[in-house]
Structure formats: structure tokens, C-alpha cells
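Paired with chain B in one complex and with chain C in the other, chain A is shared by the two complexes that follow.
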Partner chain A sequence: MIDFIVAVLRSGTPLVYVALAGMIAQRAGLWHLGLEGIMIIGCCATIIGIVLTGSYALAILIACVLCILASMLLWFVIEKLKANPIIAGLGLTGFGVGGTALAAQSIFGSQAAVTAPFGAPRLGDSFGAFASLSIFVAAMPAVVALLWVLLRRTRFGLQLAACGEHPFAARSLGIDPERIRLFALCVGGVLCAIGGAELASGSLQIFAQNMTAGRGFMGFAAVVFGAAHPVWTALAALFFSLVGAIGIRAQILFGDAVPHDLLLALPYLATVLGVWISGRLRGGAKGANGFSELRDY
Partner chain B sequence: MSATLTILLRTAIFILVALALCGLIFQAAGYSALDMFASILDGAFLRKGGLSQCLRWALPLFITATGVVLSFRCGFFNIGAQGQFYMGAIAATAMASWLNGMPVAVLVPVSILSGMAGGALWALWPGILRFRWGTDEVITTLMGNFIAGLILVYVTTGPLKDPSGSGQQSSSKPLAAAYRISNSMGLSPTIIAISLVVGIGMWLLINRTAFGVLGGLAGRNPEMLRWQGARMWKFGLASFMVSGALAGLAGAIEVFGPNGRLVGGFLPTHGFTAVLIALVANLSITGTAVAALFFGGLASAALYLPIMAGLPSAAIDIINAAIALFITAKSRMIDRMFSARGKTP
Partner chain C sequence: MTEIHDAISSSPNGLRRRDFLKGAAVAVAGIGLLPQLALAQGAIVALVHTQAAGDNGPVDSMIAKLNAIAAERGFTPRIVYASDAATYETIFRTLGDAGAAVIVSTFNEVAEAFKALAPEYPDTKWIQLFGDPIEPSLPNVVTVSYDYYLGCYLSGLFGAMMSPLGKLGYIGGISLPPLNADANAIKAAMTTVKPDATLTVAFAGSFQDPAKGQEIATQMYKNGVDYIQTDSAATDAGIIAAANEIPGKLVSGISPAQYKLGPKSVAAIVSLDFGQSLYNEVAATLKDGWKGGHTKTGLGTGVIDFILSPVFVDQGDPALVAKAKEVWPKIEEARARILDGSLAVPFNTTL
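And now, the complex of A and B:
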């Protein structure tokens, strides 16, 4: 049982960080579909940073800076050039996936996975069964609590929500929605960098092409399922990874009776289910109403 | 200046911006951007036989993209073309292996039709979720892509596996040569004829029928159409199913044409490129034909780069993605520069 909890935490933590990044953007009024791309930049930058600098702190710093730059690019394209957020986000995702593949190949000269000599600091023996988890897992509840306080109990958090719900009203009170969205995306960039770092260096210490495999989109679905509430979003992300872990456990129990690849599809199915349930509970998602929706310019 | 010209110029400018960004990335990664672009141009259009290769990649992309155009025009973000493409390929292969031994005139059309049906069905469930319960189609169709990819892996390593197959790539049994509609070069009169029929049919559907015109209205102003009493789910479901069927058709063509069998994880960026083509074409069918040629060239360059020029093929993915990043941008500055001057509305 405790092994199972460890497995869920290990696979769920990157998802939670990425979902939190999407949650902030969602509250500020942006559909953040570039999560996947920013996350894989975080993965790649962490591993390459460890290999090149030999210091974990520096590697995380590099990952954060690159992810913030990518987020700022997305912000510029969406807010300044008025691009469609969904298409621009998908473009950024492709950009991240292709760019990291190119970077890994140009630095290490091969398409194979890149391995780092060490990974994220672990919790250590004093945590018993949880000793092999990284510090980011332990930091996760604190981050969720911090974001909850920031978004639900401060003036700034309310302003951010106002920018998402009624930007026109926010602007009439002297709040600049564009600037608040820039902040939201940059904080999201840091969270994606941490999520990517946890995915790449939390247990495996490896970067492989396309290693995020849809986790960014799953994180976005967790935002929709969790109604962009910090705690519910984190729980939704953990739920998706729980379903994935159940799939792996089922494989160990039943062997080849159930096809392996179909069990791998379980988290994606859970995501569809989650979005469907949230549509039933809250009457559908808002936002993607076509190209020429009346927007606040 | 006319509106069309403004759109053309805007598209061209943002594609140039995207290419400049790619150049920066290539330089930063330690490649020479000029070399890279020269090799891509060479691989896409200039080399010997380059144009026929470009057409080989452009035609399936064109077919999928016309479907995407329809659903985007109706205002639905069906970005699941990739999954529908895979399901079409799977359905066509399954039907072909079931009917194996039948005459060509029966097997090929029936299999290709079942491929279209497979794609349409894979587009149907996000459509139903959307119109019955308001589930957002962006996430469901995206997740559908991942699920269809896993189903493809399952099918090519399980039920449809080629038992004699060896090597790393899982695939189905090769089709008999008589059943194939083109050789491995992937260009044949049959495929060209199918693409022409699809292109003309979709142009007529969008521009010359009540469905197409009302669908375009549904995308631009759904409220108005709802007030006039039109049933949105009709346009929505029809556009989902047609675009799914066309993506499935492209998948079936890949199986019966150039590939000759179902390969696990083949053409993983087909759907995304098709979405891109539809957007670059500003959701017009004639524009889609031109844009498909451009991206078809890029797709053929993706094969050419690593083999002939020793450059990574990820370069093409980056170019596609950068174009996607900028293609929906609307710069007021550019609009002001090129839009009708003097005459105020």
C-alpha cells in the first residue's frame, strides 16, 4: 500500500505542478495549452544543466529562466499580437518538443536519451518509506497552500481572478489585465520548470525526446476538472496519476490478460471523464467559442 | 487594398517572423541557419524529383486539412485530426485483412470507406460529448489523439501484427501488391483523383450549399444563428463527422498507398500539420491547396535532412510549430498599413 502511495506521489507531482501553472493562467483568463511545451523545456534544461554545470541549483535556475522566457514569448504572441491562445499554445508545445530534441541532439550528438549523473535531492532516510522521493514532492503541499493564500486571500489574487472573469470591469478599476496575465504566465513558467525538473530528475535522471507524453495537456484538463481552484486542481491532477498507477498495478496483477497499451491509455480516458463530469457539473467550459468571439481588446 | 491581399501579406509577414525565430534557435543550437534553410529548400522543392515527393506528402495533408477547415469554419476546435487519421488507417487495415482474397474492385473501395467510417466515429464521441453535455472539444479531441496512438500501437503489436515481421517497428501484414493504390513513392492517378474529388467537393460544400454558408455563420456568430432557430448541434456533429471522415480517408490512403501496411506510430505530426495548413490558408479550400504544397514540401524535407544533409529532422517540427505560434496573430499595425485607406466605413 505504501509503495502504491509513493508511486502515485512520484508520478503525480510533476502533473500537480504543471496543473497549478495552468490554474493560475486560467484564473487570469488564459487557456494555457502551452504547458506541455514549457514543461518539456524544463525537463531538458534541468538534465542538460546538471550535465554541463554539475550543480543542481544552477540547473534549476537555468530551467526556470528558459521556462519564463518561453512563457513571455507565449504572452507576447497572445496579448500583443492577439493570436488565438489555443493555437498559439499548441504551437509553443510543438516548439518545446522539437526544440528540446534539437538541443539534446546538438549538444550530445545522438538521438538517444541523455542521462545525468545525479538528480534532485532526495528526502533521505529519516522519512522511512518515502526516502526515495525528491524534495519537490515534499514541497508540493506547501506550494498548493501558498497559491491558495495568494489567489483566494489577497487583494492581488482577487484582481487576478477579476481579469479572468470580467477583464472589462477589472480595467475600469485601473487594473491592467495584460500585465497581470504576464505575471500569471511567468509564475506558471516557474511551476512548469519545477514540474519538468521533477519529471526528469525526480527518480530517473534522464531526458528523452517527447518524454512529457501529454502530461501538460493532462495538467490542463486537471485545471478544467478542478474548476481552477488551487486545491481541487491539485487533487484532480493526483486523481489522474492515481488512475495511471492503478493501470500499472493492474498490469502486475493480471499480467498479459489485459493489453499493456490499453492500460497506458487509462489516464487519458480518466482525463476525458473528468472534463465530461466538470461539464455536467458546471454547464460546460467557457473560452473556446470559435475564432471571432467578442474579446476584450 | 483588398481584404484578401491584406490577409496574404499578414500571413507572409508572420511566416517570415516564425522563420526568423527558427533561424535564431538553429544558430543557438550550433547549426548554421543559412545552411539549414538552404538544405530545407533543396529537400523540399529544388532537388531532383523533389516536386513529386512534395506532392506525395501534400495530398494526404490536403485531404485532412479540408476536413479541419470545415470544422473550424463551423466554430469547433476539432484538433483531433491525428487520432481520426490513425483510426481511419486502423479501420481500413482491419477491413482489408478481414476481406483478404476478395477482388480488388470490392476490397479497396470497401476498406477505404470503412477507413472513413473509422475516422468519423472517432470524431463522433467528442462531438456527442460537446453537444449533449457541453464538454469542451479541445481537451477531448486532444486526449483522443493520445488514446488513438496507443490503440494503434496495441493493434500493430496485437491483433493485426505481422507474425513474420522483425526489426524494431511493429506493423501489420503487408497488403498484396494488387490491392495497393500506389507504389512506395506514393503518387498515383488514383490518389490524385481522390484528392481532386475531395477538394472540389469540399469547395462546393463550403461555398455553394446552404449547409456550408450557415456553418460559416455558425462559426462567426453562433448567437445569431441560435436566435434564428438553427440547431447548432446539427452543424457541429456534421462538421465533426465530415472532418473525421476526411482524416480517416487520408489514413486509409497512407495504408493503401505509400506504406502498403499499417505501421505503429507512423506520421505522428500529420494531424497537427493539417490544422496548421487550415489556419495558414485562412480557412479557405483554395488556400488549403497552396498551403498543403508548402507544408508537403517541408514534410518531404524532413526525410531528406537527416539522410542527405546530415541535419536533424526536428528542424522541420520546429518550423511548423513556430508558424503555428504566429499564424493566428493579428497585428493592428499591419492591418493599418494595408487596409483600405481614405474610405471610412
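And now, the complex of A and C:
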């Protein structure tokens, strides 16, 4: 049982961080479909950073900076160039997937996936069965709690929600929705960097092209399933990981008795089911402006 | 009047429609000229790979060998990643228009595009690695299939002899007929060594998801599996990472580039040297009398083999290395029997 919990935490933690990034953007009024692209930038930058600098802290710093820059690019395209945020997000995903492949090939040649000599610090033997998990797993509940306080119990959190729900009303009170959204996307950039770092270096220490394999989109689905609430979004992300781990365990236990493809599809079926349940509970997805009936970008 | 027209034809951001159309026309003309520009640089040998590079395996190997033969024979190499089946025909047609001498691509997914386009570009020689025969055969297309399952059979023998309890695993990328045949070959082999041996089969659903590979392998090892045969390209890195975390657990990989990922865990590889195969086939196109058809490649050709890792022999657990050396003559014996036809390995694509 403990092994199963470890497996869920190991696979779920990157998803939680990325989902939280999407959640903040959603509350600010942006449907963030660039999560996949920013996450893979985080993966790539972390591993390349470790290889080039030999320092994990510097690698994370590089990943955060690059992910923030990518987030700022998304903000610029949406807010200043007035692009459709969904199209811009998908474009950023393409940019991230293609750009990281290009970066890895340019720096290291095409002969190998990039392998780092070490990864994220582990929790260590004092954590018993959880020893092999990284510090990002341990930090995850604290990050969720922190975001809950920030978004639900502070003036800034209310301003952020106001920008998402009623940007015109927020503007009439002197709040600048553009600036708030920039801040939201930048915080999301840091979370995506951590999610990417956990995926690439939490236990693997490797960057392979397209290694996020749709996790950014699952994170976005978790935002919808979790109604952009910090705790529910994190739980939704963990739920998707739980279903994925069950699928893997079922493959191992049932062997060929159940089609492998069906078991592999379980997380995606759960994602669709989650979004459907979310729609039934809350009356369906809202417009492209998050919760808002008004467009302000 | 002009001002009114300008106002109508300009977007709110100041981009005039006429300017935009002019720019687009120039860009389209430039793109149209690209194949001609490529032609001017000399004969092209192109590799269109349908899995991403950076896999420590087949794709990287093919790229390296393409560059090598291009340098040796004075070709211009072109390497294109076709991630989406919808782009295959466009890519092949562009290369054909550029006068490519040889176009190499991989797997059955490109077969339809080959069949459609090869007759239109009769001066281009088309090579499909890991493909079924095209019926009727085309004069300028060669398809190459690999009996990889024979290497997997040897891996099954080795794994069963190395695993104290006879608990083996197999992790593939996606459940495809050739991969299913690989798993069945392992199963057939291990039961000849230990009748009660078990094989756990799982698929990652992707050839590029090392995190999923690690997850599956970790669960297999925790369930008592001692030896896993990988068959999932870049996903393999995660499987090897899982083996590295538990002392005594072994992996058989797919490429020599994986030795360094697990010096103590990657005991062997079922090698399918796509790069060597590409090199052989491209070199063959340069010979007089080359013609299209189907080539079958198995053990004993230098392309497929089951190889004990020299890095493992050097750095692995001494007891496991000693055991591997002890059982290896039996692997050699089985290989010889497959080659002389006295040992028939079943090819079964149904799990």
C-alpha cells in the first residue's frame, strides 16, 4: 500500500504543481493552455542547467527564469497583441515542445537524451518508505496551503478573483487587471518550472523530447475539475495520478486478461469524466474569459 | 476616398491588408523555391524519422549513420522529424521535388505515403525500415523487416537463467504486433528454462515517456520481477532509472547507448542496429543493379543480436556478472541453433 502511495505521489506531484499554475491563471481570467509548453521548458532547463552549472539551485533558478519569460511572452501576446488566449496557449505549447528539442539538440547534439549527473535532493532515509521522493513532494502540501491562503484570505487574492470574474468592476476600483494577470502568469511560471523540475529530476535525472506527454493538459483538466480552487485542483490532479497508477497496477496484475490500451487510457477517461462531472455540478464550462461574462483583454 | 479605403483595409493595429498580402505572397514564393535551392546543393539523402531524436537508440543511431554515409559518399544529408502522420506526404513530396536521391523512413505508418508517391518520383530510391512487404512491389522502393523477436528469445533465455525465481518483465512502448511477438518470444524462451517462470507484460503507451516507464518498472520490481526487457525507445531511460534504485535488479535494453545509463543494471541488450541497417541499405542503392523489393534481417546479419553489456561485465555486481558469464555459452548455443534452423522460434503477435 505504501508503495502505491509513493507511486501516486511521485507521478502526481508534477501534475499538482502544473495544475496550480493553471488554477491561478484561471482565477485571473485566463484559460491557460500553455501549461504543457511551459512545463517542458522547466524540464529541459532544469536538466541542462544541472549539466552546465553543476548546481541544482542554479538549475532551478534558470528553469524559473525561463518559465517566467515564457509566461510573460504569453501575457504579452494575449494582453498587448490581443490574441485569443486559447490559441496563444496552444502556440506556446508548440513553442515549448519544439524549442526544448531544438535547445537540447543544439547544445548536446542529437546523439542522446540529456542525462544529468544528479537530480533533486531526496527526502532521505529518515522518511522511511518515502525516502526516494524529492523535496518537491514534501513541499507540495505547503505550497497548496500557501496558495489557498493567498487566494482566499488576502486582499490580493480577492483582487485576482475580481479580475477574473468582473474585470470592469475591478478596474473601477483602481485595480489593473493586466498587471494582476501578469503577476498570476509569472507565479504560474514558477510553479510550472517546479513541476517540470520534479518530472525531469525528481527521480529520473533525464530530459527526453516531449517527455511531458500531455501532463500539462491533464493539469488544465484538473483546474476545471477542481473548479479553480487551490485544494480541489490539487486533489483533482492527484486523483488523475491515482487512476494512472491503478492502470499500471492493473496491467501488471491482470496481465493480458484486460486490453492494455484500455488500462492505459484510464487517466484520460478519468480526465474526461472529471470535466463532465465538473460541468454537471457547476452548470458547464464558462466562456473563454474564465468565470467572467465580460471580456477585458 | 483613399483615406476611407485605407481605414477600411487596415486593422486596428495598423497592419494594412494590402501590405500583409504582399508579404504573404513573397513568403509563399520563397517557400516554393526552397526545394530548388536544396537541389542546387547536390544529391540529397534524406531520413524522415517518425519518432523523436534523442532516444539513445534507433533514431539517434540512424541520424549518426546517415551523416556518416553522406560524408563518405559526398551526399547532402537531410534529417526531418515527422511527428504527425498528416505531414508525411507533404514532407516526402517536398523531398521528391528537391530531387532527393534516397529517402529513408521508418515503420509501417509511412507505407501508404510511400506507395502513393514513389511512382511519381521514379528517380528517387525509397527505403522503408521496419516495414512489411509492399504488394505488388515497386521498382524504386525497398522495405526492410527485422526478426527482432529472435533477439528477444535469447533475452528470455538469459533472463530466466539470471532470475532466481524466474520472474521476468517486459515493457513496450505501445502494444503493436511486432512488440507483442517480442513478448511472446521471451515467454516461449523462459519456459524452456523454467517451466513455472512468469512474464509480466506492460506498455507505457508512449515511446517518449520515461516517467511512465519508471513508474511501471518500479511497480514490477516491487512485485518481485528480477529482469525486465525494454522495448520502448526513450521510455527505456525511466525503466533503467527504476532498476538503478534497487540493487540486484536487471534490465536488458535496446541500444549500446544505454550501457552508461545503468552500468550495474543494464546487463545486456537486444540490439537492433537501425543505423547499421540504414547504412547497409543506402550503400546498396549505390550499387549497379539495385532494385526494389523486400529484405528480411535477422540474427547473424550484424543488425540484430543479443549482447552482454561490457560495461556491466566491468562494473556490475560480481556475483551477477559471474552468473551471466556462466550462462552465456547456453545463449551462444541457442543463437547457433536458431541460425542453423534446428531451433524454431514462434512468431506470435497476439498477447
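We take it that the second predicted complex is superposed on the first by the 286 of 297 C-alpha atoms of A that agree within 3 Å, B and C clash if a C-alpha of one lies under 4 Å from a C-alpha of the other, contacts with A are read in each partner's own complex, and residues count from 1 in each chain.
Simple rule for what comes next: a contact is a pair of C-beta atoms (placed from the backbone, for glycine too) under 8 Å apart; a residue touches a chain by one contact, two chains touch by 3 or more.
What you are looking at is a predicted structure, and each value in this text was computed from that prediction instead of being measured.
Peer 1: Following superposition onto chain A, is the placement of chain B relative to chain C best described as a clash or a fit?
Peer 2: Clash: chain B and chain C overlap once superposed on chain A.
Peer 1: Contacts for A:Phe127 in the overlay, against chain B (first) and chain C (second): which applies, first, second, both or neither?
Peer 2: A:Phe127 sits against neither chain B nor chain C.
Peer 1: Should A:Gln105 be classified as contacting the first partner (chain B), the second (chain C), both, or neither?
Peer 2: The answer is both, since A:Gln105 touches chain B and chain C.
Peer 1: Could you tell me if A:Met211 is touching chain B, chain C, both of them or neither one (first, second, both, neither)?
Peer 2: Second partner only.
Peer 1: Return first, second, both or neither, reflecting whether A:Phe95 touches chain B, chain C, both chains, or no partner chain.
Peer 2: In the superposed model, A:Phe95 contacts chain B only, not chain C.
Peer 1: Which partner does A:Ser11 reach: the first (chain B), the second (chain C), both, or neither?
Peer 2: The second partner, chain C, only.
Peer 1: Of the two partner chains, chain B (first) and chain C (second), which one does A:Phe254 touch, if any: first, second, both, or neither?
Peer 2: neither
Peer 1: Which partner chains sit in contact with A:Phe118 here, chain B, chain C, both or neither? Use first/second/both/neither.
Peer 2: neither
Peer 1: Can A:Leu264 be said to touch chain B (first), chain C (second), both, or neither?
Peer 2: In the superposition, A:Leu264 touches chain B and chain C alike.
Peer 1: Would you sort A:Phe156 into first (chain B), second (chain C), both or neither based on which partner it touches?
Peer 2: neither
Peer 1: Of chain B and chain C, which one touches more of chain A's residues?
Peer 2: The partner with more contacted residues on chain A is B.
Peer 1: From the options 23-31, 41-49, 113-121 or 275-283, pick the one stretch of chain B whose C-alpha atoms clash with chain C.
Peer 2: After superposing on chain A, the clashing stretch of chain B is 41-49.
Peer 1: So which positions on chain A get touched by both chain B and chain C?
Peer 2: 81-82, 101, 105, 111, 213, 260-261, 264
Peer 1: Show which residues of chain C lie in contact with chain A when the two form their complex.
Peer 2: Listed in rising order, the residues of chain C that touch chain A are 13, 52-56, 60, 63-64, 79, 81, 175, 200-206, 208-212, 214-216, 218-220, 222-223, 234, 237-238, 241, 245, 257, 261, 351.
Peer 1: Which residues of chain B touch chain A in the complex?
Peer 2: For this pair, the touching residues of chain B are 25-26, 29-31, 72, 75-77, 79, 129, 133-140, 142-144, 146-147, 150-151, 153-154, 157-158, 219-222, 269, 272, 275, 279, 312, 314-315, 317-318, 320-332.
Peer 1: Help me check something: in the complex, which residues belonging to chain A touch chain C?
Peer 2: Against chain C, the touching part of chain A is residues 3, 7, 10-11, 14, 81-82, 101, 104-105, 110-115, 132, 199, 203-206, 208-211, 213, 244-245, 248-249, 251-252, 255-256, 260-261, 264.
Peer 1: Residues of chain A touching chain B in their complex?
Peer 2: 31, 33, 37, 73-74, 77, 81-84, 86-88, 90-95, 97-99, 101-103, 105-107, 111, 213-214, 217, 220-221, 224, 259-262, 264-265, 268-269, 271-272, 275-276, 279-280, 283-285, 287-292
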